[in-house]
Amino acid sequence: MQVSRIDESTIKILLDANLYDLVVIQKTFYWYLKDYVITVKAIPENDIQIILEKLEIPLTNSDIDKLTTRIKRDLFDFMLRNKIHQETKNVRDLIIAKAFSDTDEFDEMPPGTLRDTVDENKFK
Amino acid sequence: MIHLFTKGICRNIQEPVIARIGDLHHNVGNLFLIRDLSDLGSIRQLGKSAIFLFDSSLNEEFTQEFSDYNQVNNLNTEYLSVGDIIRIGTKGEISTLFRENSSHNSLFITDRCNSNCIMCSQPPRNRDDLDHFWEINTRLLALIPKETQVLGITGGEPTLLGRRFVDLIALMKSELPMTDVHVLTNGRSFAWKNLVEALSLVENQKVVFGIPLYSDYYGIHDYIVQAKDAFDQTMLGLYNLERFNQRVEIRVVLHQQSFSRLPQLAKYIFRNLPFVEHIAFMGLEFVGYTVANRDILWIEPEDYMDQLEEAVLFLDSMGMNVSIYNLPLCLLRPALWRFSRNSISDWKRDYLEECQSCAVLEKCGGVFGTSKKLSNRIKSISWQ
Amino acid sequence: MQSNSIKEFRSFKKADFFSKSTPEFYLLPFRFIQLSEYKELIVNDLGDFLLVPSGTVEKVVNKKIDPSSELYMDLIAGHFISETPIPSLIDVMATKYRTRKSFLDGFTSLHIFVVSLRCNHSCHYCQVSRVTGSKLEYDISFENLELAIQHMFCSPSPHLTMEFQGGEPLLAFEKVEFAILRAKELNKQHGKNLNFVICTNSTVISDDILDFLKIHEVLISTSLDGPESLHNANRPKTGAQSFNLVIEGINRFRKVLGKDRVSCLMTTTVKSLDYPKEIIDTYLEYGFSNVFLRPISPYGFALKNYRKNEYETDRFLDFYKSGLEYIIELNKKGVFFTEDFTVILLQKIFTVFPVGYVDLQSPAGLINSVIVYNYDGYVYASDESRMLAESNDFTFRLGHVRDTYRSIFYGEKAKKIADHSVIEGLAGCSDCAFQTYCGADPVYHHAVFGDMEGVRPLSEFCKRNMGVFLYLFNLLDTRYDEVFPIFSSWIKHSLRRQA
C-alpha cells in the first residue's frame, strides 16, 4: 500500500489489485464516507487508486499516519470477512433454506449407527 | 442397603412365577412369606393353591411337612415384604421387581447397550435379552398398583426395543395412567425422527426422558460414552423430542473427564436446549466399569466444586431447574445445598458411622452403598 | 456378533480415537468486530458469540487453531467451525435460526389505532397532535374504525394487540369503546388471543372509563418524562399542572386496574440528557421497576443540521451509559430495576427466542409485526411513518382502510419496503458483528437520507445501536462477574413474563 499527500486535506492511496479484491476495497472505504469524499479508480498496471479528501479540516502528517494504520487494519479485516463469506456462503444458504422450509425435504440423515453387540435391523 | 436378589431351594415350581407377595392374614393373593410357626393353620388351609417363601430360620422338621407344596425354602427373607412383586426362577432365584413402599421402582428392559460409558455402573451384556425382559415386564405391569406415583424405565438402553418401545409407552398409558414415567436413555435413537413421531402419537404426557450429555464438545462426550457420533445423535435426538413435544431432562455425571468444561456445558444447555425441564448433576457411583477405569475417572468432589458451582448457579440464574444428585451435603458448598436432592435409590442408600453425629443427617441423601470407594472427606457437620 | 468384534466393541478406546486430530477444519458463517485493543468479538447467525483475544479471527480464517485447545472446542461447540463441509448438527443450527426468526410466523400482531389527533396537551416534541380541532375532522370515523378492525382480523397471528394512540385517545373514548367491543364480538368467530393497550397522558379519566378499562383488562401505557421540572418543561402550555395530573392519573389507574396494568414510557429530549439519575429516581419514587431509556426521536431533526444530530447521539450514548450504570448500582443494592432496551438486547444476545420489539427486527417490523390505522382512515407501515406524513411524505402510506387487505399488506409499497427491510443484505450491515441482534429501520433512513437503505456510516440509528452493543459487550468482557448476575436476573424475569 502506498500513501501520498496531494494537498492539505487530500491523500492518495495505491493498492495492488492482485492483493485486494475490489469488493474488499469498496467495503473498507464505505465506512470512511462519514469524514471523507472518496473516489475509487482502477488505473493501469493493476492498481487501484483511492483518493480521500477530508471535509473541512486539513490533514496533518500525524493524522495521515494514524489514518494509514487504520486503513491497513480495516483492509485486513475486510479481507478476512471476504474469505469467510466466500467459504461459507453455501452453508449459510443451506441453513436458511432449512430454517424456512415447511417440510422435511431438507432434513439430513442422522450420522453413524445405533449398533450394539447384537446384530439386528432396528428401524424400518 | 437393600438387596434385590436372593436364592433358596425351590420345590414343585416348574415355570418362572411373577407374583405379588400377599398378606397371609387377610388371605389376599397366592404368594406368601412365612417367617414363623404361627401361620401353620393358614398354610394348611391354602395348601397347593399357593406358593410359599420359607425363611431359613424355620427348622427342617417344620418344612418337611410341606415338602410337596409349591415353595422356595431356606431363604433370607430380610429384604422381602408384603406388597413386593417378585420373580421366582425354577432354580430358586428370587428377584424383587417392585417394592410397594419405595419410590424407586423401575422396569428393567435389557442389559444390552449401544454405548459403553467408561463409568457405567451396570456394564452392558452382549446377548439379546429383549424378549426375556419384555415377557417379565408385561406381566409385571399388570400387577403394579395403579396408584403408583412414579416408575422408571431403565437398562442398558431401553430404546433398543425399537418399535416395541412405543408399545411400552402406550402400555404405560393404558395400565398406569396416573404414574409418572422416567425413562433413562442415551437418546441416540431419537435422532431418527420416525421413532419420536410415533411416540408423540401415543400422547403420554407423564413420560420424561432423562438423557445424559457430558460436554459441549463432541469429542469429550463421545469419549466418555465410548461411541462415535453419539453426541451428534443425542443432540439431534433432543431436538426431535422437543419438536414432537416430549419432556426431557439432562443428566451429567461428574468425574475427571467431564468436570473441566462444566461451565461451558451449562451455557451450551441454556443456549441450545432451553426447553429441557430439568438438569441433574450427579456424583459418581463407584461400581461397574468405574472401578476398572478409576484412574481416568476418580476425582475428589472438592476438586470440581468451582466448576460445579459455576455451572449450577448459571443455569439457576437463567431460570432453569437444576439439581445435584448423589453427593452428601458435607462434600457440597452450603451455597449449593438447596440444589441437593435425596436421589439415591432407597435400596442403594447408605450412611457412614461418621454420619450419625451429623447435624444435617435428616436432609442428606447419603452415599451409594454400592460404591467400592468413597471420598475420604466425608465428615459430619456440627451444629453452628 | 463375532466374539472378536464384541471384544473390540467393548474395549475402551482413548480420547484421540473420538476426536479429529488433523488441524484442518471448515469455516461456518460468522462475523466479527474489534471490541477493544485486546479482544475480538465473533458472532454467528444464530447469535452464539465468543470473546477472544485479538488476532484469533485471523488464526481461525487461516486454519491455525490447535485442535486440542479449549478455543478449538469453543469454536466447534459454538458453531463457528466444523470438521465437515456440512456440519453434522446443521439441522440444529437451522432450528435455532428458525426460532430467532419465528416472530415472523404470525405476521402482523400489533395493530395501532390512532383514534384521534385531538389532545389536551401540547408537548413540544410531539409530531402529530392538534390541540384544538373538531371531532369530525380529527377523530376516526366509526366507518373507518370498523374497516380497520376487519383488516386486523385478516392477520394470521393468533395473538393480536390493539393499541390505541392519538393525540389523546381517551378524548375519543366512544371510539375506543366501540373498537374494543366490536373486536371482542368479531373475535368470537376468530378465537384469537386479544390484548388491549391505551397510550394516554392519564389526565382524561372518569369513573366510567375506568370501569370499562377494568372489565376489558386494558393495559395502560402512559408518559412520564422524569422529575416534575423536566416533565413540565416538555409541556410549556399545560405547564405546572401536568406532572401532578399524571401522577394522580397513574394512581387512579393503579387503584382500579392494578399496579401491574400500568406502565410508563419516557420521551427523551435534549433536556433529559443531563438527568439520567433523576429520571430513574422519579420512576423509583412512583413505584415503577423499569425504565426505557429511549433515544431522541430524530424525526423533528431530520431536516436539520447533520452535526447536531451526531452530537445528540453522542450525548444520548452518555445518557444511556450513565443511566445503566446507575441502575446497575441500584440492583447491586438489592433493588430490582431494569432498563428495557438493555433487556431486549440481552434477550437477543443470550437466547434464541424471538423478541417482539418491532423497532429492531430483521426483516423490519414494518407491516410484518406492526401496522397503523390513522385517524383519517389511511394505513401506515409504522408509527414513525405516519409522523412523516405530517411533513407531507407519504412513502410509507400503504393505502386506505377502504382498500383491500392484500393491496395494503402485500401491495407494491409493501414489497418495496420489504426489499429494504432485511439487514442481512444492507450495505454496512451485511458484515456487521451485531447483525444477528440488530434490525432495519427503512423509515428513519428514508427520512434522513431520502432512500430506505441509507448510508450506514452516516446513520445515527446505526451509531446509536452500535454504541450500545459495544458498551454491553465491553461490560460482559471486563466486568462479567459484576454485571452478569444482574443481567441474568433481568433475562430470567423477562422470560418468565413471556411464558
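We just call them A, B and C in the order they show up, numbering each chain from 1.
Simple rule for what comes next: contacts are C-beta pairs under 8 Å (C-beta built on N, C-alpha and C of every residue); 3 or more make two chains touch, one makes a residue touch a chain.
Keep in mind it's a predicted model, so treat the numbers as computed, not measured.
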Chain pair showing more contacts of the two, B-C and A-B | B-C
Of the chains shown, whose Cα mean is nearest the mean of all protein Cα atoms?
-> C
CA centroid of chain A to CA centroid of chain C, Å = 29
Cα-centroid distance, chain B relative to chain C, in whole angstrom = 48
Which whole number of Å gives the spacing of the CA centres of chain A and chain B?
-> 55
Which positions in chain C touch two or more other chains at once?
-> 1, 6, 9-10, 88, 91, 95
Contacts with two or more other chains occur in chain B at residues 124, 126, 228-229, 232, 236
Interface hub residues of chain A, defined as touching at least two other chains = 107, 111, 116-118
In their shared complex, chain B is touched by residues of chain C numbered 1, 6, 9-10, 12-15, 17-20, 48, 70, 73-74, 76-77, 88-89, 91-92, 95-96, 350-353, 485, 488-489, 491-492, 495-496
Chain C to chain A touching residues, read off their complex | 1, 5-6, 9-10, 26-32, 34, 45, 57-58, 61, 82, 85-88, 90-91, 93-95, 97-98, 101, 427-428, 431, 455-458
Please give the residue numbers of chain A that touch chain C in the complex, ascending.
-> 27, 30-34, 73, 76-78, 80-81, 83-85, 87-89, 91-92, 94-96, 98-100, 106-108, 111, 116-119
The residues of chain B that touch chain C in their complex are 116, 118, 124, 126, 216-220, 222-223, 226, 228-229, 232, 235-236, 239, 243, 261, 264, 268, 270-272, 274, 293, 314, 317-319
Flag every residue of chain B that touches chain A in the complex, lowest number first.
-> 112-114, 124, 126-128, 157, 160, 162, 188-189, 191-195, 227-230, 232-233, 236
